[in-house]
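For reference, the structure is listed below as structure tokens.
Order as written gives the chain letters A, B, C and D; numbering starts at 1 within each chain.
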């Protein structure tokens, strides 16, 4: 149903689909362990075991593909849950995580991730598609220093307006 | 000559004392009443039944720093609370509490009371404008538009009563109602006119009194959840205290007028032992209604308030006026 | 009543509502551009009570972090703790005994009633009626008493443990809860008589602040804000977790999209919560409240875990990124009011200030939960 | 100074002072100002079961100009601190400050190494008169705090110490 629809929609973005890992439980966890320790995962769509991870689809895209991916979800009437960042300092990368879910009973949680270099953390804004991304992006900006290109009002949200530090970076010292 | 002057001075002093005592103890009654409605004891530790609470509050307010915010218009800022209190006290002078207890009866008593009452709106405007605070400004604009809107139906209703009584003398109006409860203007079955619309006039008048005194559900000037504290946001200490006392004095005046115009003043419902106690009983019952309404109803909106006045109360009271005029002409 | 007049942008002034303002229920600031009483534009400024919950998640170990969730939303603390323990249990693979799950559900629902009662009082107070707050808080005290006897605190509970509970409920609690349910139903009837039937109340809420389905979706609104706009969305039904599939309850949905619909949804939710508590007490199984096997040190395997729960304020999501150590690598708290409040800026344009503040009350804000 | 004879005057200022202080002590109007969790307990104290109004302290004034005591109920963040200071400055003298809850006393559970957002206690920038510990303090504790503040203001004790009695 919606799961397949979304998946096929997202897979279209990857013209030469890599070997799609389907969620076989034990292996995927091991994979993740390896991934965490060795090299970042390649872009692509992975189906996850809902009972373990709490979401169904996990798509990693490049920053250029982000708007396209979000547009697919917008067409399928997903609502935005949250946007956040993760600082992978060992790999010298920042990850931006977008959570989407649905209002109807056809449950499908989709996570879209994009990874960028810590040195030049720039991703396009999705406020044009989801107005509600505004605060989430501002928050991610102030916590991680990630710049959302095209964001209408990118000033700190939770920290004082003149704050210039990014507290959730792993190398942050108060 | 000088004796009359002395009389008047004594009367004014008594009026001030009455107004102040009423204001202080109405605050107490309000707090206790609110507490009763809300299932809690209320102020009960300072003195028996918390009766010492108002003087203690008064002492505190008087001993507090007098603060004029920077940028405020000093003259108006100081004048506004005085202007809130003064007309209310002056109105007491002409109110007849009984056959003999009246400071200065005038044959145009109603005119005088309404003239002074309309000054109340000025004090709110002054207070809001002079304190240089946006909340206070918005509140005073609201309060003035409210005062203007509700003075009209109130006056029209009063004219209806004056037409029935044929006099603007408050004593005279009470005398005409004094025979029994059926002669009261609220149901004038045996009165001058057989106007079946009088209960509605009473309701209109009472609603207008609520609005004119800025009481809930029409307390838009002091809308605490929107405009902080409304026009007296910037007033502390006794300036605030005077506004408070003025509000309660206005409630007393409004209730006195309702009692005189509609509820037969000091006359007894059964025609027995007329006197000041009947007046006070009716007065405090009305005030209790004020308190009861305040703690029961949520606040209206400003457009709901103005709509009520301009679209409902004014046409109704005008119709009532014409109807009464017709009745008087016929009978 | 939305704006019937043409707004002239050159006649505006800025009104600063908050950070200290009676209507904001805490330290929230809204910069409003006003044209007289009408709002031309609004910008919400939050962060006045940002308490670094996400940073603390990375600093503290899993059990140490248990107390934070109850301080995030102090009115519906249980629901948030529930999300937290669920996600950690999911990640670390801890089995929870059935009795513990039932008690959790009962507690969460009791807390939801308490939270909604407080909201009810505060909402009517926003509209200028004071007495309902007193009545509601009196009823709330009964719930607090019951919960205090079991959990040890009145407000900021730290009752759930990974795998179970801190303390078992006793017969006193069960009999008190059984007595409470009919009492509360009676009170709800009284509230409907006192408030819902009031004409001023109706006029102030009917048709105020219509929120379309599309707007809810773009902002990710949940709870009564979504359900008042005709969206049948409740995490307890859409993504059943814990023992909620065992319970028979309805999700109230209203299609009017206005503040009154949001009010009605919450009032009905209280009744539904009472139903859940009743069923929970009936079905309560015997058994332990902590699992026999439980790892001494909680170290979930590396990975990314997400759990959504329906709290009193809406869909609360918690994302746990673990790197296999005893502290989380990243802990993201998706708070429902954050998304609900975000709507306000757009929705309040053209409204009068008193309607806007009534609308703000209908969103059921708890500011520390927005700021985290 | 102490040995000098002060001529007794007709007006006894000491008595007036005492009276004023008793007035102040028994009508402590708090500012409607809640920050976080403790504010809920503050409201609970004002409500039916505990009822602060018995002490004449239920008149929560939304405007700083009309209030006597500021109950700092909750965590103070660096972003909020200037606001609180402004509110304090807006209150007319005499004024008192109560720090309600651990956060307002010392930062409470949110004071950890590497914190970047909170102020470690209200006494960093305000003269606090009464500290009420607890997380959050129970309503009874707040009532106790109000009674302690009354003692502080007026030296006049409403009730004797239980030990002395």
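Here is the rule we use: a residue touches a chain if its C-beta (ideal position, glycine included) is under 8 Å from a C-beta of that chain, and two chains touch if they have at least 3 such contacts.
Bear in mind the structure is a predicted one, so any value in this text is a computation, not a measurement.
Trainee: Given the two chain pairs C-D and A-D, which is bridged by the higher number of C-beta pairs in contact?
Mentor: Counting C-beta pairs in contact for C-D and A-D gives the edge to C-D.
Trainee: Using mean CA coordinates as chain centres, what's the subunit C-subunit D distance in Å?
Mentor: Computed from C-alpha means, the inter-chain centre distance equals 30 Å.
Trainee: Rounded to a whole Å, what is the gap between the Cα centroids of subunit A and subunit D?
Mentor: 48
Trainee: For subunit A versus subunit B, what separation do you get between their C-alpha means, in angstrom?
Mentor: Once rounded, the distance between the two centres reads 64 Å.
Trainee: Measure off the straight-line distance from the CA centroid of subunit B to the CA centroid of subunit D, and report it in whole Å.
Mentor: Averaging C-alpha atoms per chain gives centres 36 Å apart.
Trainee: Do you know which subunit A residues sit against two or more other chains?
Mentor: Expected reply: 159-160, 167.
Trainee: Using the touch definition from the top, which residues of subunit D touch two or more other chains?
Mentor: 47-49, 62, 79, 113-117
Trainee: Name the residues of subunit B that each touch 2 or more other chains.
Mentor: Within subunit B, the residues that touch at least two other chains are 38-40, 224, 228.
Trainee: Thinking of each chain as a vertex joined to the chains it touches, would you call that graph a line, ring, star, complete, or other?
Mentor: Contact pattern: none of line, ring, star or complete.
Trainee: Quick one: in the complex, what on subunit B touches subunit C?
Mentor: 34, 37-40, 134-135, 138, 142, 216-217, 219, 223-226, 228, 295-304
Trainee: Per the contact definition, I'd like the list of subunit C residues that touch subunit A in the complex.
Mentor: 46-47, 50, 52, 54-55, 58, 87, 90, 216-221, 226, 231-233, 237-239, 301-308, 315, 317, 319, 321, 323-324, 329-330, 332, 334, 338-339, 342-343, 346, 371-372
Trainee: In the complex formed with subunit B, which residues of subunit D make contact?
Mentor: Its residues touching subunit B are 19-20, 22-24, 26-27, 47-49, 51, 53-56, 58, 61-63, 65-66, 68, 91-94, 158.
Trainee: Along subunit D, where are the residues that touch subunit C in the complex?
Mentor: 31-37, 39-41, 43-44, 47-49, 62, 64, 74-75, 77, 79-80, 83, 87, 109-110, 112-118, 135-136, 138
Trainee: Spell out the part of subunit D that touches subunit A in their complex, as residue ranges.
Mentor: Spelled out, the residues of subunit D in touch with subunit A are 78-79, 113-117.
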